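The first chain written gets the first letter, and so on, giving A, B, C and D; residue counts start at 1 in each chain.
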Amino acid sequence: MKYRRLGRSGLQVSELSLGSWVTYGNQVDEDSALETLSVARDAGVNFFDNAEVYAGGKSETLMGNAIKKLGWDRADYIISTKFYWGLAQGPNRKNTLNRKYLRQAIEGSLQRLQMDYVDLIFCHRPDPNTPIEETVWAMHDMIQRGQALYWGTSEWSAAEIVSAWQIAERHHLHKPVMEQPQYNLFHRDRVETEYARLYEDLGLGLTTWSPLASGVLTGKYANGIPAGSRSTLPGYEWLQKLVTNPDWLAATERLRSISDKLDCTLSQLAIAWCASNPQVSTVITGASNKTQVIENMKAIDIIPQLNATLRDQIDAAIGTVGVSTPA
Amino acid sequence: MKYRRLGRSGLQVSELSLGSWVTYGNQVDEDSALETLSVARDAGVNFFDNAEVYAGGKSETLMGNAIKKLGWDRADYIISTKFYWGLAQGPNRKNTLNRKYLRQAIEGSLQRLQMDYVDLIFCHRPDPNTPIEETVWAMHDMIQRGQALYWGTSEWSAAEIVSAWQIAERHHLHKPVMEQPQYNLFHRDRVETEYARLYEDLGLGLTTWSPLASGVLTGKYANGIPAGSRSTLPGYEWLQKLVTNPDWLAATERLRSISDKLDCTLSQLAIAWCASNPQVSTVITGASNKTQVIENMKAIDIIPQLNATLRDQIDAAIGTVGVSTPA
Amino acid sequence: MKYRRLGRSGLQVSELSLGSWVTYGNQVDEDSALETLSVARDAGVNFFDNAEVYAGGKSETLMGNAIKKLGWDRADYIISTKFYWGLAQGPNRKNTLNRKYLRQAIEGSLQRLQMDYVDLIFCHRPDPNTPIEETVWAMHDMIQRGQALYWGTSEWSAAEIVSAWQIAERHHLHKPVMEQPQYNLFHRDRVETEYARLYEDLGLGLTTWSPLASGVLTGKYANGIPAGSRSTLPGYEWLQKLVTNPDWLAATERLRSISDKLDCTLSQLAIAWCASNPQVSTVITGASNKTQVIENMKAIDIIPQLNATLRDQIDAAIGTVGVSTPA
Amino acid sequence: MKYRRLGRSGLQVSELSLGSWVTYGNQVDEDSALETLSVARDAGVNFFDNAEVYAGGKSETLMGNAIKKLGWDRADYIISTKFYWGLAQGPNRKNTLNRKYLRQAIEGSLQRLQMDYVDLIFCHRPDPNTPIEETVWAMHDMIQRGQALYWGTSEWSAAEIVSAWQIAERHHLHKPVMEQPQYNLFHRDRVETEYARLYEDLGLGLTTWSPLASGVLTGKYANGIPAGSRSTLPGYEWLQKLVTNPDWLAATERLRSISDKLDCTLSQLAIAWCASNPQVSTVITGASNKTQVIENMKAIDIIPQLNATLRDQIDAAIGTVGVSTPA
C-alpha cells in the first residue's frame, strides 16, 4: 500500500481506504466488521471512514467495538466521522450544521466510537441555513478542545469551500483541509472541473466515495439485479434506479477489454482509475465481507499501470456518459 | 409550530416560546412550572427563556428541577439566561457586566439549572460602566469554555449592539447574534426603526418580550384591574400604571372587531401580530397555568392569516398610540 | 465607602483598600490579619492587595487562611497578587517575568490563598530581560485558564505600559487595565506627569501604594523614630533613611494647619489627598492593627472636602519637595 | 556557571548544559544518569536536553526516573524534548511533524518523563511533507494546553525558521524562540552565516549540539579509535568515518598549543569556543560518566579568556577545515 498526503496537510492516508457506509450495521454485523477491518489493516489501509448517520449510529458503534477488540494503537489508524443529517427528529437535530447540533453530535460520536478523538470530521453536506462562519468556528472549536485533528467538508460546492477557507484565514481558525466528494467514471465534473483551482490554491485533499458508481462498475448488473444486492435493501429504491441505467451498463461493458488486458476485474480497474488521479488522497471502498476487501485491495497493483494511453482508452470507452451525469 | 432561524444564526427556534418572567417562583410553583413547560413542549415550543434575576434565582431553580423531572433530551430544547441585575447587593454583584460578575453569574445559573451549558446568554441591559470590549470578551470566553452556545443582548441600543459586533469582528471573538427587546403593538419604535439596519448588516435575531403589553392587550383591563392580577403583586406598581393607561385601553378595544373577524382572542391576535414581523425570531409568551399556554399557542394559526390588509387595519386601529410610546 | 471603576474596566473597587505589605507575616499574625480584614470589610473595603513576595509568601497564606475563616462570598471581595521578585534563588525563580516563572508563580499563589482565582494579577516590576510580548501572552493565558480576571503592572514606565497594551491589541490578547505606582504628596511625578496620557488613551486605572510616604506623613517622625516603628525592622534600613529626611519632615509639619482646619489627622489628610485625584482608582492603606484601619478609613469623609482651594493650599505647603523626589 | 537568555526570550539557561543523546539508555544506565545529572546540577547546569527518539524513548524514561529520585523542584530545571523521528514504524509515526503525530508524541514524552510539562519542545528536523502552518499550530496548541512552555526547531534552514515565525506572527500564535543546530570548530557555516539575520530580526536563541565534533576535538582519535569508543557502537558507522577524517585530526592537533597555553584540555577549549559566540544561548555537552561532566564543566573558566586575539589564533589553526564542512 502506498500513502499520500491528505491534500496539502501532513497526514498520510493509504491510497485505498475502507468505509462503513451502507454495509456496517445493515449487511455487516460486529464479527464481520472486525474481520473486514482486520483484513484491510493487513493490506495497509490506515483510514476508516465513518459518519454519525450511517446505519443510524450503529456503524460507529460497530467500528468502535471492533477496533477496541482488535487492540490497535491509536497512533496507527485514522478515523473519520461526519455531521449534518443527525440521528433524531427535531429542528436542531437534523439537516443542520449549527453550533448546538455540532456540540451534541461530536459528543455522541466519541461515545459510540469509544475514542478520545476522531482524526477527521466532515460537514456531511452544506447547510444553507447556518452561516459558514458559525460552522467554521464550531469545527475549529472541536479541534481546539482536542476532539478532532482535521476538519473538512463533503459534497460542498467550490464556492462554499473557498468561503469556509477564507473565513478561517481571516479569523485565524483551523482551515478545512479535505473534501469528500463522489468520484467515479460516471461522476467526474465536480472533482475534475468545479474543484480544479482548489487543489493548488487551498491545498484541498480528497477522500472520494462510490468508486464503483453504486456497484454498476463491478459489472454485476449486466444481466439485471442479482438477488441479495444492496439495491434490494429497503430505502434504497434510488439505488435500484441507478443500477439499471442503460447508459451506465453499456459503458461498463465497453471497459471489459481494458480490464482483461490488465488481467484485473472491472471493480479493480474502476477503483484504480479513481486513485490514478493525483488530486485524490484516498479512494474509500466498501465491502460486506473480507473477500471483497481482499479483492478491492488488489487494485493497488493496477494504479501504477494506468498510464496516459490507458487513461485515454478508458475515457474513450466511457464516452460522454461520465461528463453528462448530473451531480 | 413553525421554527425560524435565530437571526442569521443556524439555531432554529419555535415561533412562539415560553418565558419564566414574572410567573415562575411567584405565581407559579414547581408543579405548575412542570405543567406549563410540558404543555408548551407538546405544542412544539423549543425555547424556554429565563434570567438570573427572575424571582431572585428561583425561576432558574424551578425550571431546572422541572426539566430534570421531565427527562428531556438536552439536544431538543433551548434554554437562555441573562446577566446584569445580579442577585445580591454589592459593587460587583448587581447592575454590571464586568468580568468578575459574569464569571460568578454563569456558574450560579448553571448550578441552579443543573445543566452543563445554556444555549443563549444575554446581557440583560447595557452597562455604561463597563467597556463593551470587556463584556464581549467575557461572553466569548463563556462560549469557549463550553458554558454557552450563543450570546446576545437585551434592550441595548442599536449603536451598542453594532459596537459589540464590531469589537468581536476585529478581535476574532464570537459575535452577538440576538437581541431581546420589548415588542408589542404599543412598543414598536426600537424593533421597527432603531434596529432597522441590524437585521441585514449584522444578521441580528430577535427574541421579543411582552407581546401583550403587560397584559393590556388581553383586554382584561377594560373594566379596571381584576382581582389577583399580576399588577397587584408587590413591587409591580409600575405595572399598575401601565394597565390603566387610557390610550392603551382604548386602542385595545378598537382591535376587537379584527380579532372577532379572525375568530380569535385579543391576546392571540396581539401575539400573532408580533410573530408576523419576519425579523422576529420568536415571541416569548408568559403563562401562569397550562390553560393560558394552550390559549396562547393557538396564536400559531393566526400568524399566517395576518396579511398586508389586516396589518394595515391593525395599524389603523392602534393609530399613534404605538408610535408615541416611550422606550 | 464609595466605589470607583478600576480605570476604564468594569470592576468597582473601594476608594480605600487594604494591603498586606510590610505588615502581614511580620508585625501581623493570623488573628490580627483576620481582625484587620474584618474591620476593613465592615468599613466597605472590597479590595485586598497582596503579592507573592510579601513576607516571603506568608502574606498570601495569612490572608487566605483569614478569609477562609471569615467565610466571605467569593463574589464580594477582590484579591490581587503580584509576580516578579520570586520566592527562591535561581535563574528562573526571581527578578523575572518569563513564562516559566509566571506559570509556577500563579500556581503557588493560588495554593497559598486557597482560591480558584485571583481578581488582579500584577507584574510587580518591569523585566528588561523578558520581551514584553512573552509576558503579555503569559498574563493573557492566566486569564484564559481562569486563574485571574484582570492583569496590570506595578512601577512600569509609561512607555512599557503602552508597549504591553499595544502588543495585546495587535495580537488580540487581554490588555493591562491597571498600574500600581507609589503615590503620595512627596512622590507625584509618575502619576501626574509620566502617565498623563494613559488614563484617557488606554483607560489605565491606578491602585496606589504608600499614601503616607513610608509613614512620614503620619507626623510620627517629627521628633525622631519612635520605638517599635517599622523602620527598625531588619532589612528596612532604606526606610530609616527616608523617615529622617529633613525636607519631608518639615513639609509634613507645614500640613498641620490644614489637617487641623479639617479636624482630621495628618494621615487622614494624606490618604484623602491621594484619593482626591480622580485618576486614582483606590488608595491602598496599610495597618498593623484594627485601630489603625479604623483611623485610616475615616479619611473617606475628608475626600469630598478637598476642593481646589484646599488642594492649592496643600501644594503650597509641600512646595517643591514632592516634585523633586526621585522615582 | 553563568546564565544567558534563550535568544530574546526571558528564559535563563546555563552557558553549558547536559544532553542525553547517544549516552542515556545506551552507555549510561539509570544510576549513572542520576549521577551525571546530579553532578551537572551541582556545577550550575539548569538545562537538560532530551528527545523522544534518543535511545528509542529510553533517554526520557531514564531522565524522568532519575529526576524524580533526585527530588528537584520543577521550577529549577529546564527539560526539552524533540519530535520528528518517531518511535515506531507507520505513515504517521515517523519522519513527520503532522498534527496527529505531534499530539501522540507529546503525550508519550510527558508520560515517560513523568512530568506535567516540558519547558522546550523542538521540531527535531524540518518536514517537507507537512505545511509549516500545520506544525506551528500544533506547537502553539501544546503550549496553550500547558504541555510545554517554549517551542523551537532543530536543523531547520533559515528560510524555514523565518517562515514559521511569520506564520505565527500573522495568526497570533506562539512564535519559535530557539533553534538547535550542530555547532563546533568544524561546523560553523549555518550558525555564523545562514542564521546571521535571525538573531536580531527574530530574536532566535541557540542550543548547540556536538561541541566536540563527535569527539574528534577531544584529541582522543589522534592515534586511531580507542577501544570502547562511541564510534564502535552498532549503528554508528557514520561516526567512525567522521572520527578518522584526516583534515579534522590534523586541525585538532594544531589547537594543542592554544589549549596548552590556557592550561586546559582540547575538549574544554572546544566547548568554551562554542560558548564564546554571544549568539549561542547554551552549549549542550554529553557525558557517559560523572568524571566527564566535571571535566567538561571546567570549560566555564575558559570562556571569559577567549578574547579576540585567541579566537583569531583558533581560526588560524583550524584554517579552511571548518568552513568547508558540509552541513
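We adopt the following convention: contacts are C-beta pairs under 8 Å (C-beta built on N, C-alpha and C of every residue); 3 or more make two chains touch, one makes a residue touch a chain.
Chains and their UniProt names: A, B, C, D = Putative oxidoreductase, aryl-alcohol dehydrogenase like protein.
In this text, all values refer to a predicted model and were calculated from it rather than measured experimentally.
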Comparing which residue numbers subunit A and subunit B contribute to their contact, where sharing over half means same and under half means different, the two sides are different
The distance between the C-alpha centres of subunit A and subunit D, rounded to whole Å, is 44
Residues of subunit C that touch at least two other chains are 172
Pairwise touch list, complete, is A-B, A-D, B-C, C-D
Residue set of subunit C touching subunit B in the complex reads 3, 5, 8-14, 46, 73-76, 78, 117, 119, 144, 146, 149-150, 172, 174, 203
So, in the complex, the side of subunit B touching subunit C is made of residues 88, 90-93, 96-101, 103-104, 127, 129-131, 134-135, 137, 141, 145, 171-173
